[in-house]
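One chain, subunit A, links the two complexes that follow: it is found with subunit B in the first and with subunit C in the second.
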Partner chain A sequence: MTGGRISRAVGRIGLGLVAIVVLLGTINVSIWLKTKADDVDAEHRPFAVSVGMGQTAHARTFVVTAVSVRGAAVIHDSADHTTPGVWLIVKVRAEAVGETMVIGYAAIRDARGRLFRASDRLDGQVAGTLLASSLQPGVPDVGEIAFELPRDAAASATLLLAPYTAFDLRMDSMVEIKLDAISPATVDEWATDTEATTLIPVTVAA
Partner chain B sequence: MSGGGVAGDRADAVEGGQSPRGRRGWSLQRVTLVVVAVAALAIIPFGGWSSNASSHQPVQLGLNEPNDGLPWKITVTGGRLLDDQPPLVASVSGDRWIVILATVEITADESRNDLSDALRVSGAEGLVTDFDDAPVMVALVSDFSYGPYLQPGLAEQLAFGWQQDLGAPVPTQVQVTIFGKTLRRSSLTNSMEWLDNAPRAVVTVPIVDRRGA
Partner chain C sequence: MNPDPRYPAGQPGYPPAGYPPAAGYPPPGNPGGYPPPGYPPPPGYPAPAQYPAQPGYPPQYPPQPGYPAQYPPQPGYPPPQYPPAPGYQQLPGYPAAYPPPGYPAPAPYPGPNLAPPAPAKRARGWWRRNWWAVPLLVPLLVAAMGHDLILGWDQWHVGGPTEVASGQDGQWVPFAGGRLRLLSLDEASELTDFSGNPLTFPSTVDIWQASVDVDAPDDSDLTLCMFELQDDAGAVYSANPSELGDADIGYASCSRPFDAPEAGSFTVVATFMTSTTHAKGVRVSIATDPDHYAWLTPPR
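Presenting the complex of A and B:
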């Protein structure tokens, strides 16, 4: 084989390799572009149902109303639960729509966009009260949910509620209830109150 | 015949390795250079050849020195050796506990309950651990809530517990490594997730023996 033939053969192999690499590179760039262009989190975000305090929000599987808000420095159940911030306690009336369901997700979103999950330090919020209770259609329940917040987060809070589906909140209703503004003085008063409070048990609403 | 003459010239030239294509000279070196250059360009979108793992070496910190970062800020404040006693419950009755005390503040924008990823200990033998040398117990010191959600902006005292076999040597100090995570888009789900648990700092912690106290 002459040098020219070898050179041509090498050239063809080289062109083939270049073509493969270019193809892979194109695929890579396409994936990169798709990754940058697609915001999966935004695409799959929950469907917000926004209301104010005292108004009824109609989600896909439940109906809910935030009835009132109070605060405390210490919550007592089987133990005293203190906090370096303040406890924000929201009284909620909720009812299932169509079939039995559980509100498993509750959080407060503050003015800075931070998300505070309902505390799982309390006995009742682990099992037996509103967040873990099975809600029945036609039987509204009333109960309280407690959140542990920095004092500055309590002043302007939005309550988020969504059905429990293995912590998957994608593409289902999420109720967003803008709670009434609370003055810093009131928050400070709650945070310095040394008397422990207890959460009301879940009861059937009147 | 002029046409036949041209064809004949081309055939001759090809036979002699003198075609225009042949004269361009696709040498092995050129091909290699082109392939390497294109391959290098092709991987740029994925960060080149750099490793995903952080190349930062963990810093050495003293006791009570805070370690800032995401998604948590951690200050290791002490270590204890404790008997198996309520509220501690060892899987093997009679084992003892190495407990690391730390102040933890969530610096991410969302509550977190994955603090078992935050600390690891080394320098103690006979540890009974769950997955990945994680502590078998993470609890709030204030009310001993196990593995609770910690809230952004609220510093809490936590106890991280590792069960130690009773027959293992009693440690007088351990190395505690503080880990952090990175919020990035998952290549698996394409959504933003806290991933890449990586060491940020190491603290040498004296263990105070409080057994029988």
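Presenting the complex of A and C:
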């Protein structure tokens, strides 16, 4: 082997070593960046489907529309349920897509970002109303979901709905319905109304 | 032996007819041509123009910028205004100026009757240089994505039953330690509440009822079964829908009803609320075995 060939071979080996070092360095930097920037909660957050009041949201496993909003100070089922805040009651029309499902998760996010889950003080929220009902594909149901809120949270609220399979909200659709703004006067009127109201039962929509 | 293989041995017309070989000149044929390079025309011999054409003369030169593709026929070498080819001597009486006025310097000329030059070695392309790395992409791809693929498959697999046990239409299907048979799958004509009052539903809703024979030991896993109806479009409807909570129908399960015989098979009725008019069959699954389900089709 001539001297020229030897020097060329050494040069190629050197280039290969440099390439390996650069590759390993890149991988190392990538791992470091991933470790520093990883946010599993953000990676696995639900996929938001945002609509307004009266608009239909198409989630992966269900279709839903917020029909109307009302409020009350007392809700009656098997007993009267009062609140120092206000009951926000959202009427919803929903149906499953593809297979039977249960919405399961309902919450209100107020203007300050606070989350209020649907109240479990009411009998119907546990079983028998929309939140716990099984929805059938292509069969729309109409029902109401009640939230117990501080008065200032009711004025500007966003309704969050998601399937709640095995208490897992990750990486599935979450519908976000921006409810119509409610004036403080209206909220005060609801909060001082002593007449008890009841949630409508779940019915199949025509 | 011909010391210069570029020149053919023996030249026709040399020496010219009637002329002896010139004294002091190489013997005929080595090198060819007349007069040989470096030799002036021998005295008393006719001028070169009188000699017949020589093989390989004029040489076939490659096209040169600004030069004709081929030299014109002889007599005369080199042609007027053309430079001599390498290996040929500049003969007396021809233009000394080289290159001729107005012509760029030509590239070096090959000698006459030279073998065509070997084609230049082409640079190796990217694929030729890197083909060996292409098969490595397969294990690299597997290494990069394998974990996610396995994880995704696992998630799909546990997301619902995927392994089916099925049989002939209306026949027994072994499943979960027992066996099942779909006796009928029909639209329900009328449902009533517990007071006997008829229930009404929107016209877009169809109520289906499946009668299923269950034959299983009372302690088998099958007693925890769940029924689902599947329509032609692939939509799946669970039995015991919430909307039929007021209907006077039994809760569909594979547990032996209190009024069923103590041994042998028994019949359960599963009711479904659907938006379809084309039910295809019934799926039966159990919570303790999320991978499997039984697919029951009605008798024809």
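To be clear about the criterion, the second predicted complex is superposed on the first by the 170 of 206 C-alpha atoms of A that agree within 3 Å, B and C clash if a C-alpha of one lies under 4 Å from a C-alpha of the other, contacts with A are read in each partner's own complex, and residues count from 1 in each chain.
Heads up, the rule we're going with is that a residue touches a chain if its C-beta (ideal position, glycine included) is under 8 Å from a C-beta of that chain, and two chains touch if they have at least 3 such contacts.
Remember, predicted model here, so these are calculated numbers, not experimental data.
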Partner chain(s) touched by A:Leu149 [first = subunit B, second = subunit C, both, neither]: first
Touched subunit A residues, subunit B compared with subunit C: B
Subunit B versus subunit C as contact partner of A:Pro184, first or second or both or neither: neither
First, second, both or neither for A:Gly52, with subunit B first and subunit C second: neither
Residues of subunit A contacting subunit B in one complex and subunit C in the other: none
Interface residues, subunit C side, partner subunit A - complex: 201-202, 204-205, 228, 234-238, 241-243, 245, 272-276
Interfacial residue positions of subunit A with respect to subunit B in the complex: 2-5, 7-8, 10-11, 13-15, 17-18, 21-22, 24-25, 28-29, 31-32, 35, 38, 40-41, 44, 79-85, 107, 112-117, 119-121, 148-150, 152-153
Complex interface listing, subunit A residues touching subunit C: 98-100, 128, 132-134, 136-139, 141, 202-206
Contacting residues of subunit B [partner subunit A, same complex]: 16-19, 21-22, 24-28, 30-31, 34-35, 38-39, 41-43, 45-46, 109-111, 113, 140, 142-145, 148-149, 151-156, 185, 189-192
